[in-house]
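These notes open a run of structures that come right after.
Two complexes follow with chain A in common, the first pairing it with chain B and the second with chain C.
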Partner chain A sequence: MNPFLDFRSVPCEQKEIPLDRIVRAKDKVMDHIVEGYLRLVEEEAKDLVWLVEHSRVVKAYNSAVETIRDIPFDQDDIEEFCAEMDASDKIPYMISGPAGIYVSALVNHAQEDHIVLKLKDYRRTFHFFGYRLPEGKTLILEGNSGDFIGAGLAGGRLVVKGSTGNWCGAGMTRGEILVIGYTGQNTGEWMRGGEIHVDGRIRGLGKRFFGGRIYQQGRLVAPDEPSRSI
Partner chain B sequence: MSDLDRILRELWPEVRKRHLFPELPAPTCAEGEQRVGLDMKKKRISISREFVEEMSRQLKPAEVLEGLLDHALSHYLYCPWDFSTHLKLYGEAKRVLKDKEMARTATDYFMDVVADTYCISQKDTPLPKIYKNLNRSNLDKAVHALCQRIWGLDLGVAGFEEISRKLSRIPYMDRSRWKENIRRFSKAVRTLLETEKERDPNSSDRKGPIDSHEFHQYSVQEIEQGLKELAAETATPSEFKEIVEDFEKELSEATGPAGRGMGLGAGQSVDADILYYMKLAENYLLAIRKRPVQKSGALYPHRHVPWEVGRPFRDIDPWTSFGKIMPGITQSWERLEGDVFGREEGIPDCIAIIDSSGSMTDPKRHLSHAVLGAACACDAYLRNDARVAVYNFSDAYSGGQQILPYSRNRKDIYRTLCHYFGGGTQLLVENIQGLQTERVPDIFLITDMQITNLEALIQYFNESKNRITAVHIGDNKRVQTFRRSMAVRKNVSIYPVDKKEDILRIVLGKIWEYIYSGRS
Partner chain C sequence: MGMDKNGILRETVREIYEYISENLYFNRPDLEIKGERFNAGLLMGLLTGLSQGKELIIGEPGLGKTTSAEYVCSLLYQFPLGTIWGSEVSGHPEQTEEKIIGRPDLGRLNQGEEVVVWSHFTLLPVKIVDEINRLPETKQSMILDGVDRGNWAYLNDAIINREYCLFATANYEDRGTNTIIAPLIDRFDVMVESKHPSANLAYLIGMKDSNGAALRHEALESEFQLVLTERMPYSARMEQIEGLCARFGQDLEKAAGIRTLSSADRETIRTQKGRIPLDLDSNAFLRLVLSELSFCYRLGQKRSHETCHEGCHFTEYYCNRVRNCISNRFPTSARVFSQALAWLLGDETVDVEHLKAVLPFVLAHRVQWKEDALAQREKEPRSDPLQIYMAKEAVKEMHRRYMEQGPQVKKALAVACRIMEGEAMEPVRGDHPLYWEIRRDLGEEVVE
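Entry: the complex of A and B
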C-alpha cells in the first residue's frame, strides 16, 4: 500500500492573497528607488571624495530628480528607503551627502504634500533633508538631523522635532523652518528669504546673510542682531 | 465525554491531514481563561473550553475548534517554528522597543500575523471567522485591520488605515527577512503599544487574543539549542544576558528541575554570563588527540535503558532497537566509568589554567576570547568524557585565585572560568601540582604571559610530563622568554595570538595542526 495516498486529497497549491500583490508592487518601486540611488552614488563617487560645493549639490539634485521622474512612489516608500539605507544590506554603501539629496528629491516629488520622517529610529545621521523643499510641501523630521537641513528651501515648511547640525537653512529663498531643538554653526548662511524659528539655542549664525528672518525663542536675531553671536 | 471533546476528536484527524500530518499528540479541551483560546504545553495543544463556549454564541463550535487548531498548527509548523526563532524575533523587537513587555507583545502579534497569514494563504480555514468575532483592544483592532487588508477578507474592523497600510508593506511570508520585518513591525506599532501601556500599566501579563506564546510549549532540547544559537549570534555577553534575563522565570519553569547542564533549573537563577560562554563554546568543536592511557576516566557502555527524545543518538544500540528510532522501543546504552587494561587510547583529564588578572578582558563586560578559548577546550574534554579541573588566578599570593577540583559539572567549570579577579598576575605552582594525578592530565594554559613569577611556571613546565597547550594573547618580552624556554620541550605547544579576536580561529587551527603533526 502506498503510504503517501493520504496526501493526494490534500490541496497544496498556494492561494494568492492581497499581501502578495502589495509586497510585489512595493518591492518593484523600492528596487527602482534603490537602483536610482546607486546610479547617483556611482556618478558622485567618481572623485573618491564628495565635497559639499554648490555646483555639485545642484548637479546631484538634478540627477536625482531625473532618476526618480517615472517612479510612482509615496511617503511609505521614502520611509522604507531611509530604513534600508540605515540598516539593510540591500544598499551596499551610503554617502550621506548624496543620500540626503536623493531623499530630498523624493520628498519634493512625492504624491503627498505632508511627509513625516522618523529620524530617531535610525542609527545614521542624514544630511540635506528638506533641500529645496517646494511651496505647498510640509516635511516633518522627528528626531535629530545632520547638516544642511532645509538648505535651499524653496517655499516649503520644514519642521524639525529635534536639533539640526550646522548650516541649517543655508541658501534658503522662501518658506519656513521650525526647529524645536537647537541649531549648529552657520545657521542661515547665504539665506535670501523665508524664516527660521529656533526654539532652543543657535550655536552660530551665518556670516553672509542676504534676506529673510531668523528668530530664536520668538525673538528676532537676524538680520537685526549686531553681534552675530548668540 | 462532552460534546466539545467529541467534536475535537473528530476534527483532529482532518486538521492534521490538512497540515500534512504534523507529529503532535491529540489536543485536549481544558478549563482556561476566557480570553485566551489555546495553550500549548510540551507540544500538546490545549483549547480553552470557556473561549469556545463564548465564541459559540456567534459560530459553530466545530468552526471555533477547527480555527484554533489551524492557528496552533501554523505556529508549530511555520512561525515561530522553534524556540530559537522565537528568541531571535524577541531580541530584534527588544532592540527597537527597549521594553520587555512591549517587545513580548509585539513579538506575539508579529508571530500571529505571520502564522495566520501562512494558514490563510495555504489552507481553507475558518480562522478569519474567529478573528471577526474576537473582543478587541485598540492594538488588536490595528493588527486585525492589517489582516483584513493583507488577507482581502472582511474582519469587521473600521479605521486604522494608516497603520494597517504601513504594516501591510512588510513581506511576512519571507522567512529570510523576519528579523528585519519584526523591527519594522515593532517600530510601526510602538505608539499603540505605548498608549496601551499607559492606559493599563498592569498589562505585563497581557496575552494575545487567541493564544499566549509561552515558553513551556518548547522542549528542553529546543531551548538548549535556541540558547546556543543565540550565544553565537550575539556580539557581547551583555547582549545575550539582556535577552536571557528577561525570561529567567519562564526559562526556569520551562526547563524545570530536569534542565540538565544549562545553568537553569527550579529554584536557581539563570547566570546569564556563564550560560553565554557555555552555549557559545558549544558552537566550536575542538578535536583532541588521544593518547595511550591506563585508566582514562572514559565512560563505557554498562547497561541498556529505553531511549528518550533528547538523549544523544551516539548512545543508541541499533542491535537491540529493531532498527527503529522511537522512544520506548529504541535502547540506549547507559555508561559508567571503567578501568582500561592494556594500552588503549583515550583522552586524559585536563587542568585548565586561566589568567584573570587586570590585563585580561572582563568576561562579564565584553566577549573574553581567553574565557571562550578555555571554555572551548574544556568543552572538548568534557565531550570526550574526560574531567576538567580549573585553576583561575590573578594575584594568587594575595588570595586572587580559585581552584575547582576535577569535575564533569559544566556549570561549576564555566563558573570558575568566568570568575574575574583583576589585579596582579602571580600563580602558585603548588596549586597546579596539587591537581596532578596518576593519569597525567593535559594542561591547557591561557594567559597574556604578564605573569610576575613566570620563571617558576617555566621551571615547572620544564620538569612536567603533561601535554601542555599554552595559548597567549598578544606578544611581549615575557612571551619570547616563555617561547625560548619551551623551545626544546616536545610536550609543549605554544599558540601565538596577534589579535585577541583571532584566538578562536588560531586555537582551532593549531589544535588540528597539533593532531596531524603528531601523526606525520
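Entry: the complex of A and C
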C-alpha cells in the first residue's frame, strides 16, 4: 500500500542549487534586512521612544526605502523578518512604529505584487502595515493588526482578514482597504481618497475627512453620515 | 457548494445553533474560525450530533453540561425533552447493566422464554450519560462497545443502532468521582468544557423561567413512551419512532418557528460531509501531528509504560512531552469533525483552519502528559481547563512548525510517493519525526 498517494500531484523535482547554498544566501539577505532595521531604529528612536508625527513617519519611511534599496528580498524574507521580530533574539529591540513602516517599505518594494502576511501566527501587534501601499500591489493581512493600518495608502489594495486598531486608513489618498473584522477609533482620519470597506463595527470615524468613501457592511457611512459615530 | 439542499440543511443547522445560543444555552463565544465566532461547547455538540459522534462534556456542576446536550439532541433528532430525560442514564456506583442496557422480560422468563426488554437509552439514537465519571471503573467497561459502535448486547440478544450519537458529562474530581478508564475515554471523539457564561449572562439565566419549555410536548412524550415500552422488533419500533419525531418537528416549527432535521436530512448531511476531502495542507498537517504524538526514535513508537531515554535528540517535539501513543481513533475523529465543520461553514475542502479549530478538542482527552510538561504549563494564565489548554497550545506549536516546514513536508511526502512507485529518488531528510516516519515507511532502518 502506498500511504503517500495523496501527494502524487505535488511537484518534487530536485533543485539544481544545493540546499546549503540557498540557506546561506537566504541568511545573508535576512542579515541585511535585520541590519537595515536596526540602523533605522537607531536613527529614528534613539531613546527607544518613537512618537507618531507625520514628519517622522515620512522620514522613517524614506530612510527605510533607502536602506532596503539593494537587498534582493522576496515575500518569504518579509515573512521571516516578521517572525524574527515576533520571537527572536536576533532583534534586540522591536519598536512597533518603525518596525511597521520598515515592513511596509519592504512590501512596497518587494518583487511580488501579491503579498500575504499571516499575522495571527505572531504574538506581537504590528502597526503601520500597508503604509503607502502603491497601485498594483495587494497586501493581505491574515489576523488582527494594530494602529495606522493602511495609513497613506497610495492606490494599493489592502485586505485585513481580522480587525484593525485605531487610525485605519489615515491619510490615504487612493486605493482600497477591506477589513473583515472591526476597525478602531479615527478610521479614515485625514482621508483624501480611495475606499474603506468594513464588515464589522467601526468604533469611530475620523473627524477630519477630506475625500474618499467609507462603507460599513456595504452602507456608506462617510462622507454622508452627519454625526460621524457608528 | 451552492444553495441547493445542502444550503437549506446548513441554514437549518445554523438556525438551530442560533436558537440554542440565543434562547436556551447562554454562553460566550470562545472560538473563532475564519472570522466567525462560536461557543466551542455548543458548536462541538452540534458537530457531534451531525457526525454520529461521541462527546465528553466536562465542567462544574450547574453550568449546563447536560442541558446543552439535551437541547442539541432535541433539535437535531426531533425528540421532545421529556423523552430524552426518560432515556438518560446517570452514572452512580449502584448502576447496573439491567438499568443501562436492558433486562430480561420476567413474565416471559417465567414461561421459559428469554426475551430482552431494552432500555430507552439503548433504543433511542440520542444517548446521554450524566456524570459518567461517577460510574465505578469496573462498570464503565459495560458501556464500552455500545459507546464505540452502537452495538448493545444483553443475554443472547443484541441490537445495533441505525444512527446514534452520545453525550456524556463529567464533573471535576470530587469524593464521588472515578477516573474514566483509558479505553472508554479514547472512544469519545471530542472533549469540551461547558464554561461559566459570565456574570452578566448568568444573571439573565437566573431571571428566566425554565427555558426548555418550547421543547416539551407532553402528548407526544406519552406516545413515545408507549412505543418504547411496547414489545416489537427494533426496526418496526424505529419506524414508529421516526413518525413521532416527524410530528414533533412539525409541531415545533408551527409553534416556535424552529426548523429541525429529519432522519433523512441527517443522512443527507452525513453523506455530503463525508464527501468533503481534506486538502493537501490539512492532510500533511494531520500527519505531522500524528507523527509527533506517536514517534519514538529509539523504541519504535510511544508506549505509555516506557520512558524517553536520557539525551534523546527529539526533545523539542511533543513525543518528548507525552507518555502515551495517540490512538487510531484520533485521526478518525479529527477527520469526521473537521469535515462536519467544513460542511457547516459551506467550504468545499477541509483546510488547515478547520483542522486547527477541532484538533484541541479531539486531542485534549487523549493525551497523557508527562508530569514536567504539566508542571510547566499549569500556572500559566488561561481560560480553559488544563487539559484543553495544553491541547490548544500543542496544536498552536505544531501548526507553527507546519507553517515553517509545510512545503518541505509536502515535498517529502511527494518524493516518498514516487519512491513507492519505483522511481529512483532520495527521501527528503529533515529533523521532524515525520521525515523519520516516512523513511521507515520506505523501508529504511532508522532505529539505533
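Observations, loosely collected:
FYI, the second predicted complex is superposed on the first by the 211 of 230 C-alpha atoms of A that agree within 3 Å, B and C clash if a C-alpha of one lies under 4 Å from a C-alpha of the other, contacts with A are read in each partner's own complex, and residues count from 1 in each chain.
Keep in mind that, in the parts below, a contact is a pair of C-beta atoms (placed from the backbone, for glycine too) under 8 Å apart; a residue touches a chain by one contact, two chains touch by 3 or more.
Computed from a predicted structure; not experimentally measured.
Once chain A of one complex is fitted onto chain A of the other, the partner contacts of A:E53 are absent, as it touches neither chain B nor chain C. Once the two structures are superposed, chain B and chain C can be ranked by residues of chain A touched, with B on top.
Look at A:I180: by the touch rule set out above, it reaches chain C but stays clear of chain B.
Of the two partner chains placed around the shared chain by superposition, chain B and chain C are both touched by A:K118.
By the touch criterion defined above, A:L5 lies against chain C but remains apart from chain B after alignment on the C-alpha atoms of chain A. When the two complexes are overlaid on their common chain A, residue A:D70 makes contact with neither chain B nor chain C. Overlap of the chain B and chain C contact sets on chain A: residues 6-7, 9-11, 14, 118, 121. Interface residues of chain A, counted against chain C in their complex, comprise 2-12, 14, 118, 121, 161-162, 180-181, 199. Residues of chain A touching chain B in their complex: 6-7, 9-11, 14-20, 22-23, 26-27, 76, 79-80, 83, 87-88, 118, 121. On the chain C side of its complex with chain A, the touching residues are 35, 280, 283-284, 399-400, 403, 410-411, 413-418, 420-421, 425, 438, 441. Those residues of chain B whose C-beta lies close enough to touch chain A in the complex are 17-18, 20-21, 96, 117, 120-124, 149-152, 165-166, 168-174, 180, 183-184, 187.
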